[in-house]
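Listed next: structures, encoded as structure tokens.
Below are two complexes that have chain A in common, paired first with chain B and then with chain C.
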Partner chain A sequence: MKRMLRNAILSSALLAAASVAVPAVAQDEAIYIPNLAYRTGPFAATGTPLMNGQRDYITLLNERDGGLNGVKLEYDECETGYNTEKGVECYEKTKARAVVTQPWSTGITLQVLPKSNVDKIPILAPGYGFSPMADGKVFQWAYNPPSSYWDGASMILKNISDGNLDSLKDKKIAFLHLDHPFGKEPLPLLEVLAEKHGFNLVPIPVGLTEMQNQSAQWLQIRRERPDFVVMWGWGAMNAGAITEAVKTKYPMDQFVGVWWSGHDGDLKLVGDQGKGYRSISWSVPNSEAPLMADIKKYVVDAGKSQINQSEGEFDSVFYQRGLMISVILVEGIKAAQEEFDVRNPSPEQLRWGLENIKLDEARLKELGAEGMLVPFSTSCADHTGHGGGWMLQWDGAKFVKASDLLTPDRTEIEKLEAEKAKEYAEANAPWPVNEECSM
Partner chain B sequence: MFYRTAGQFKTSYQADHALFPVRQDAFLLGVILIFAFVIFPLTASEFTFRALLIPVLIYSLAALGLNILTGYAGQLSLGTGAFMGVGAYACYKLITIFPEMNIVVAIAMSGFFSAAIGVLFGLPSLRIKGFYLAIATLAAQFFLVWLFQKWAWLYNYNASGAIQVPNIEMFGITVAGPRATAITQYYFVLCVVCVITFFAINITRGRIGRMWKAVRDMDIAAELVGINLMRSKLMAFFVSSYVVGIAGALFVFLWRGAAEANLFDIPLSFRVLFIAIIGGLGSILGNFLGAILIVALPVIIGSVPQAFGIPLDSAMVEHLNIMIIGALIIAFLIIEPHGLARFWAMIREKFILWPFPH
Partner chain C sequence: MEFLNDVLVQPFADMAAAPDFLLQVLWEGLVGGVLYALIALGFVLIYKSSRIFNFAQGIMVVFAALTLVGLYEKGVPALLALPLTLAVMLVLAMTIERVVLRPLVNQPDIILFMATIGITLFLIGFGELIFGGENKVMITEQLFIPTGSIVFEPFGGFVSIEEKDLTAVIGAMVLVAALLVFLNKSKIGRAIRALGDDHQAALSVGISLSTIWVIVWFIAGVIALATGIVWGARAGVSFALEVIAFKALPVLMLGGLESVMGAIIGGLAIGILEKLFEIYWGQPLLGGNTEAWFAYMLALLVLLFRPQGLFGEKIIERV
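After this line comes the complex of A and B, so read on.
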């Protein structure tokens, strides 16, 4: 009897849980934007400012403009802790009403990507995820604007070689990366480029368990004496690498990271000693921009933000990048609204919208975010936009822009993208390919 | 009253050794199976399938495998996650090398791979015991995860180092991969779990199970009464790793859809070990109760604030969740140190006497 009772309790709990997943019709007027956020776990330090940025831009639109074209935006977070298992749970929980999936981890992206063709919800992974997602013919539902990891790797090499990759011949480049799908992502391209331009690539993986203690990796770097260290790090790994680099007195101006390795908090730990460290980035913080003034007025000063003001989070690269990520998404929604003349676009319509984002300099200026994001536009065949990026350099107290707009060298990347996209489609057959769009 | 055993007479040895000597137990099991096979599938949403039912079943199976080794044969293992990984990678290789192979065959065969690896890492158990053996299996954990990362052949040289489940059909129905519906996957997992549980119950209460228990309780005594220690220990490793390997294959193929090596790292081993310990070592039912507590309860608690419209941040919900589950685990272990299965057994005893306790 007791067990029956327990069964009854359990099944009613399951039913309660099931009813959560059913869309609440009353709220459907608002556009529901879920975010698979992580404010807990080992990556929380880098995740939190990004999530705050995403959240605050949506809040700004709701507070200042009453939503988007008069429709409120409902921003909702589902906590994953960067855990792929929680990611699946969150995806299932939110997908009934979601217009978009923001998976926020390469591992979760890999899990939801195959489902995108079945569930027909676009995946927006700005600056992360699987690089071949740029191929819109194969990955009809996935977007990674404005630059993919392969673009990033190409831009870093271009910048450290002053535009001529052949000058890297016989130089040694250590590739310090997280031993995880995210960190391995640029390896195929780097290997191709190393072969082509004759530089010596030394991949140095950092396991998830050794992120905070990288003495073995830096011992290897000290022994190998590479001319450059390129880092694909995330979360606690960044701080670990930067403090180790300071400890081993590795010249900071030869140390370059991807955009996720340019977190103010990590560099503040070493302050002046980190001077010269560079990170490629497709967004630049500019606290003087009109958009930031509005954020301050409508969101931060109104007490609607969760940012940590005493730590200078408002001025940080990651917070402002979070804002830009929401800018990209909202541009997509807006394009869909206007094209289909609907207030609340369906996921299918948003897919069209994300394919037709035009964030040129004029539009960015209109938004009050001039120079904060690389200008780019997407198309049916190009889901990344390949807007390029800038080098940011740590000046001892903050990141400053240290280069003109860099663009990736696309010849090798395109070949690789086509090859890997084809491989993916074959491995996941039957995989529908959109033949309608032309390159 | 409900659990009265009076009047249920056994007239043969066979009846006395039946799986359910008490009629009400069989009735309860019937009710649970009706819930599992009919009522849940009729009422559950996709979220319920994918976030509650399927993971609970798969984790129960993994814990069952571990429980055979640790609970019945007394060999502590910290390598469960890696053995699950062996099952998953073996199944992936089988499916990609022989695409026409039936997935049931592939999953059944992948169990043998992990069983072989399990026996290999079980060899030290002949010389070392207890915590020392745990350290040896921990070595398996580290070595195998390292191997999953470094041996690119295992993941077909995929750039991201992850394995991805293709669409797999069985008799015209897609059972695995992105196109599979949640309900087919649920039934698939449920059937596999039921079959394996049935065999596990019978193995553990038969001759082999008694052999294991004898080894667990005192191996020198067991050896003196003529039990071959090497055979019984290695058999425990074999059977346990086989079940764990199948759980691993189901874990990736019928639930996750994609996996990277880190997934099989030590947190997974600990999670399965916690399920087995909290559920109750040396019991089959305990694995299911433990999995419900560790896997399903956080999901249910996590959706409570939303269901009642309480405005709480998802990060805050997560923190509360961790605290509540932690408190519950401690509370259950204080109430009954031998796990939830023992807790249920005590309740059942009380029910048999009720309403006239001594």
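After this line comes the complex of A and C, so read on.
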């Protein structure tokens, strides 16, 4: 009886060990890519198409190519609802297997940033996060390609001033922004540029509970009569602002937003009345591109996508930007695989990969995404690439490209990046700095 | 001296210098106030009849509006989608009463409050699963809500009134009037008030707790639908609508949790005062976005002098 019991315990233990061992091997094989997604909460409307895009590019590689260089990619979402505390929880939950952190909010990025030096997992925040992350010497583990918020603010000002910021002298620019770390991010640069070029900057914050009723903010705009309104909006704030702009009869061609304020879903609410509204963007939708044909064939038509076809999500700016975000990440992983001759790079190896991305026009063409993303390259010292962007304009039904490639004026940005990066490192001392980096 | 001038003189000088603008500010404040009152009413009704602070009121607004737009998108005509949405809200009320409230009768208030947080989380997930998270366009025109604007030119300036805002104000007034008549004149209304006063006594005279709870949660659902239509017409229907429920909290503090009149007057007062303060004091002196905290400050001030709120009941409990 005793022996039977011992045998039973032994065989159950062996069975349990075997069942644990099998998935462990499988997990080692796949490259684990967590995403701190937000498909619920007040910002879900903005998040959903972006996450769908990120997910679908990874699905395409797995379905069409069997993964990346023969290794499957395991895309996994942890829902944050765009809530900073939940984001940090998700980070802690996924970091054991993660090769990268995709924090998806400036608030979460700022929380995770100090942890990256300890956990040694790179943070990838394309087009968001803290602008001084461009300084790779100080922020060794953080990447925000292809353009930072300060690049975006510079390009918007360059565009509305026809390339001569001095022409903005004595003009009034209202800066309508979400009262949140994301919304306040470009303020230091805008203040410096206002001082330098003599324009009058009027910051107008929008609280989280006021996003859908911005009548007070637009009454202020009516009273101040600014020459331009520049918007740093996210989620429901964009739709709220655009409907109020229509109501206030503010000229749409004097209203420009950052890339997160150029969402088809928001503009569809006002349709023709939003004609002329512009948004700077480092990606351009092109549903005719070869990459999109593959996405359609291997992912959408195969029933493996979560996009909402009836609302035209496939053609939208945000869905296709989500695809480009995964393109950037995968290029980093590929660079690491090739440099270190490994199938499943470690987070530290991916860090090398992310600072050696070369997404030039030729490479984008090879990927079938020519013209869909600004060409850029990163380096040890430059974690952004500063690829620039295009102005997109709402034509009443969709966003269309309305400018040639714009580039930021880096004179003031570089100074500010160095200053704020130094401030950050001092405030978080001891903060390791990578002195080996050279431009 | 300059500071005193900025606080005590300049704002009134600005008001006098541009009276048309002042009228516009007052109108926007009134519209905001009516909308706050609507949300607060949903809370008050449920609290009055069951002593539950319904945390799910915000998500009910989203759920009702998403159901309406979702049904329309699935090909149901707008005028049929409206009663169908009401039917969905009735089913929701019955389910909540049967599955959540009935097993928790006689439990402490905090348990019931926690249960409404559970309802919120369920409705977020369920709504997301069925309707997705995208921003949807409210079917304003299909519901025959006018979308133009009326422009007046008083004092040589202009005041623009959105027809959908005007409809919202009139609609909300009709809804509130109907609700007051229902609560004060009908048999069920009296039963609801009786339950609010004393559960045990109401039960002893034969009032059915479960029926009244279904009715009250259904009425809160109707209010949620009205709120969802009005707010959705302004900036689309998405889960962001849930956030507006937070605007009702200071209204409840100010007006009192169990007073219908308190919700209406509190909502209007906060709507108008926060708009005036933001435009004439907040933006010039404090950098704006005072609407995020002004209502709470006002409510706190009132609570200092009247802890039960302006219209709340003064409850003296024997210990």
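Throughout what follows, the second predicted complex is superposed on the first by the 413 of 439 C-alpha atoms of A that agree within 3 Å, B and C clash if a C-alpha of one lies under 4 Å from a C-alpha of the other, contacts with A are read in each partner's own complex, and residues count from 1 in each chain.
By our rule, a residue touches a chain if its C-beta (ideal position, glycine included) is under 8 Å from a C-beta of that chain, and two chains touch if they have at least 3 such contacts.
These numbers come from a predicted model, not from an experiment.
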| item | value |
| --- | --- |
| Touched partner set for A:C380, first chain B, second chain C, both or neither | neither |
| Touched partner set for A:V192, first chain B, second chain C, both or neither | neither |
| First, second, both or neither for A:L201, with chain B first and chain C second | neither |
| Contacts of A:L110 with chain B and chain C, given as first, second, both or neither | first |
| Which of chain B and chain C A:T209 touches, first, second, both or neither | both |
| A:A397 touches, of chain B and chain C: first, second, both or neither? | neither |
| Partner chain in contact with A:A429 - chain B first, chain C second, else both or neither | first |
| First (chain B), second (chain C), both or neither touched by A:E89 | first |
| First, second, both or neither for A:L405, with chain B first and chain C second | neither |
| Common ground on chain A, meaning residues reached by chain C in one complex and by chain B in the other | 39-40, 179, 205, 208-209 |
| In the complex, chain A residues that touch chain C | 39-45, 47-49, 179, 203-213, 215-217, 219-220, 222-223, 235-236, 239-240, 243, 247, 249, 263, 265-266, 268-269, 308, 310-311, 313 |
| In the complex, chain C residues that touch chain A | 18, 21, 24-25, 28, 31-32, 35, 73, 124-125, 128, 132-135, 137, 149, 160, 162, 231, 234-236, 238-244, 246-247, 275, 278-279, 283, 287-289, 291-292 |
| Touching residues (chain side chain A, partner chain B) in the complex | 1-4, 7, 10-11, 13-22, 37, 39-40, 76-79, 81, 84-85, 88-89, 92-93, 96, 106-107, 110-111, 114-115, 117-118, 130, 179-181, 184-185, 187-188, 205, 208-209, 420, 427-430 |
| Chain B residues within the chain A interface of the complex | 2-3, 28, 31-32, 35, 39-40, 43-48, 50-53, 55, 149, 156, 159-162, 164-167, 177-179, 255-258, 260, 262-263, 265, 292, 299-300, 303-304, 306-307, 313-315, 317-319, 344, 347-348, 351 |
